[in-house]
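The two complexes that follow have subunit A in common; it is paired with subunit B in the first and with subunit C in the second.
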Partner chain A sequence: MTAIDIQDLTKRYDRFTLHPVSFTVPKGYITGLIGPNGAGKSTIIKAMLGLVRPDSGQIRFDGRSFPQEERAIKEQIGFVSDENHFYEQLTVAELKRNFAPFYPEWSDADFARYANLFELDLKKRIKDLSKGTRMKVSLALALSHNARLLIMDEPTGGLDPVFRRELLDLLSDFIQDGERSVLFSTHITTDLDRVADYIICMNRGRLVFSESKESILERYVLVRGSNELLDRDVRQEFIGLRETEVGFEALHADRRRATELFRNAAILENPTLEDILYYTAKGEVLLG
Partner chain B sequence: MNIVLSHTSGEPFYLQIVEQLRRQILTGVLLPGAGLPSIRQLAKDLQISVITTKRAYEELEKEGFIDSKVGRGSFVAGVSAEALREERVKRLEQDLLQLVEEARAIRISYPELRDMLRLYYEEDES
Partner chain C sequence: MGNLILKDLRVHSKIGALLLVWALGFLLFLGAKGLMGFTVGYYVPLFFTIIIVSAEFKNQNLLFINSLPVTRRDIVNSKFAIALATSILGVVLSIGISLMQKGGEASMPLEWTIALTLLVFSLCLLTLSLYLPMVFWLGEKALLFVSVLISALFIFLTSSFKDLSGWIGTYADSAAPSTLATLLRFPGMLLLPALSLGTLFIAWLISARVLEKKDLG
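Coming up: the complex of A and B.
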């Protein structure tokens, strides 16, 4: 069961190329799309929303595809973004009245509930709202039309830590029935360390991996040790390496192999997604 | 039912859940037939991945501690008294093995260990 199926998607800009990318977003789960700036996350999301026309490749939503079924696809997607797509002069209430008619399953009751929960002032103009509050408006709109798929582009940027934690509960609620899915693009990986089920990692326009967070965190291992352990062969083992005068830290993609290699000579620890992202990006910079 | 996860122990979440539920079933805190939260509810409550809670339940199912029925959720399985005792004896043996290894490591002889054990056993008895 897949919510989104992407095959061989490519896009070429003057200064950025999305190389053929294929992955699926499973239905009923929270999937994180991670990568440093310039990885290609936004290009992929814009292509999913029909805002960017890919040079080649295919995107299917639960079997439907652009452009034939654009309308049906868009009705079922709730899109949350930190970029401001709103008309600045409108109040929150006016914005809602403009937004609702596009969605057959729009619910005023749901919107009122979220507006209340997020403490939104409906009479305020969009231009007077903070970045975080704009995000909450975007989220309340996205959650009020019975969307089957929530696509969130860097949603946590302007949000304070308290609301970010509450957002995780909202997302868990959203996928409770197993029929709805969330795709969450971010470079703030601590949010995903908690609740994400699957992780898609991009770097420099290429897919690095796409698998369950459990298996990623079990496979990768963070190695810390003294510099005497490093020779040419050992260096080549690592995905990314950070050396200082007093020792090194590195990421290895095979826990079993690293355990055999270092035994008790180095400290092996569980990496976070941020560690994985950092060393993946760093490693490729060195190679490239 | 309580599940309290350590985020710093390094032990995978799914194993912590398995161990805590197993212990609560073995010690009778959770009785046969008791309903368990759905994997999605548990993931939400613990703020962890659905895949993690699913893996924990699958493991407990494999070990015969819980039953899952589609559409009805998961329940504590009817573990027989005999099976319970067997499982606890197995656990005790593992603990004893650890005890012996630790005693060897700090050079405590078997008679010394036996005397220590007797002291505790009889103290607890009275």
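Coming up: the complex of A and C.
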């Protein structure tokens, strides 16, 4: 069962090209969309919401085609973005009053509960809120209309560490019934280390991988050793390599192959998602 | 679409109220005389629609709106519905103010009231027919073009209205024929609203097409 199915999505701008991208977001899980700035994460999310028009490709939500069934699809989506373009002059309560009628399953009780949980002052104007509080408003709105899919574009950027942790718990609760899903775009990969079940990695407009976090962390390996181990063929094996005077650190995409290659000559460690992102993003540059 | 219209009216209700207060103040200070009603009937709906639409682009609220369960066609439809509704409000304002003048000195013949009201309605629709596709195409930049256009129209209209006032005065003194006869003498007054509604329809088609293809983010 898939919450989102994207096939051959492309988009060309003057200075950026999203090359054909295909992936699925499984239903009932939290999927992280990672990649450095300019990788194409926001373009994909904007295309999913109809904010940008892709040049080609297909987007389906729970079997429904987008944009053919745009209104019905969006009723099921809660969207949280780091760029909140709310009406600045409105209070939180007024914003809610204008937002709610668009959703048939809107719940005032849920909104009141989240507003209370996030300690939102409903009488405050949007323009007077901090970035973190705006994010909380966005989150409260997204969670109050019985959304089946939560799409979050860099949601944790403006949040303090305490609320970030609470948010991750909230997301875990959100998917508990197995019918709801979360797509979480971020470059703060430590958040995904905690909660994500699947990871989609983008780099320079291309899909690097899309698979379960478990298999990624099993497959990739971080290799540390002395520079003497490096020759031209070995260098080609790595996704990314960082050399210093005392040795090298590199990411290999195949743990078994790396074990055969280095045996006991190098230290093999489990990478974090940040390691994988770093070496994937910088790999081409580091390898020259 | 209904939710979008209601949202626009709620979000900009204070601006709408301010415009009406401005219109009232305008009339109180300058008096409900001459062609004042038509000036107010033209500018109030025009400003209100422009403020509503331009705010969406200026503050990038369109990104927020488009993430809601609405299509781009809904967004375009709602703005044009507001344009039409406010233009009709302009007609009501024009007639209302004109009625206030009745019984006063040199009151305007009914047929002139109708003809000028239709003229105001048409001008309002024609201006918005220019503005709306441009704003959907160019965004905030269109506002600059429209402010130049409106200023030019203001100068043209005020000077024309002065001439018209004199004309009406002369005309009112003469034996006025029936309303129908007058309107038949000025068929343009009937054709203009039809033409402007047609222009608004074309503007709607262009706007829908422009916004459909546009990247908002």
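FYI, the second predicted complex is superposed on the first by the 284 of 288 C-alpha atoms of A that agree within 3 Å, B and C clash if a C-alpha of one lies under 4 Å from a C-alpha of the other, contacts with A are read in each partner's own complex, and residues count from 1 in each chain.
We adopt the following convention: a residue touches a chain if its C-beta (ideal position, glycine included) is under 8 Å from a C-beta of that chain, and two chains touch if they have at least 3 such contacts.
No experiment lies behind these values; they were computed from the predicted model shown.
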Which of subunit B and subunit C A:F102 touches, first, second, both or neither: second
Partner with the higher number of touched subunit A residues, subunit C or subunit B: C
Subunit B versus subunit C as contact partner of A:L49, first or second or both or neither: second
Partner chain in contact with A:K74 - subunit B first, subunit C second, else both or neither: second
Touching partner for A:E179 - first (subunit B), second (subunit C), both, neither: neither
Which superposed partner A:E88 touches (first subunit B, second subunit C, both, neither): second
Subunit C residues within the subunit A interface of the complex: 3, 6-7, 10-11, 59-64, 66-72, 74, 212-217
Residue numbers on subunit A that touch subunit C, as the complex places them: 42, 46, 49-53, 67, 70-75, 79, 81, 83-90, 94, 97-99, 101-103
Subunit B-touching residues of subunit A, taken from the complex the two chains share: 28-30, 165, 168-169, 172-173, 175-176, 178, 194-198, 212-214, 218, 269-270
Partner subunit A, residues of subunit B touching it in the complex: 10, 12, 14, 40-41, 43-44, 47-52, 55
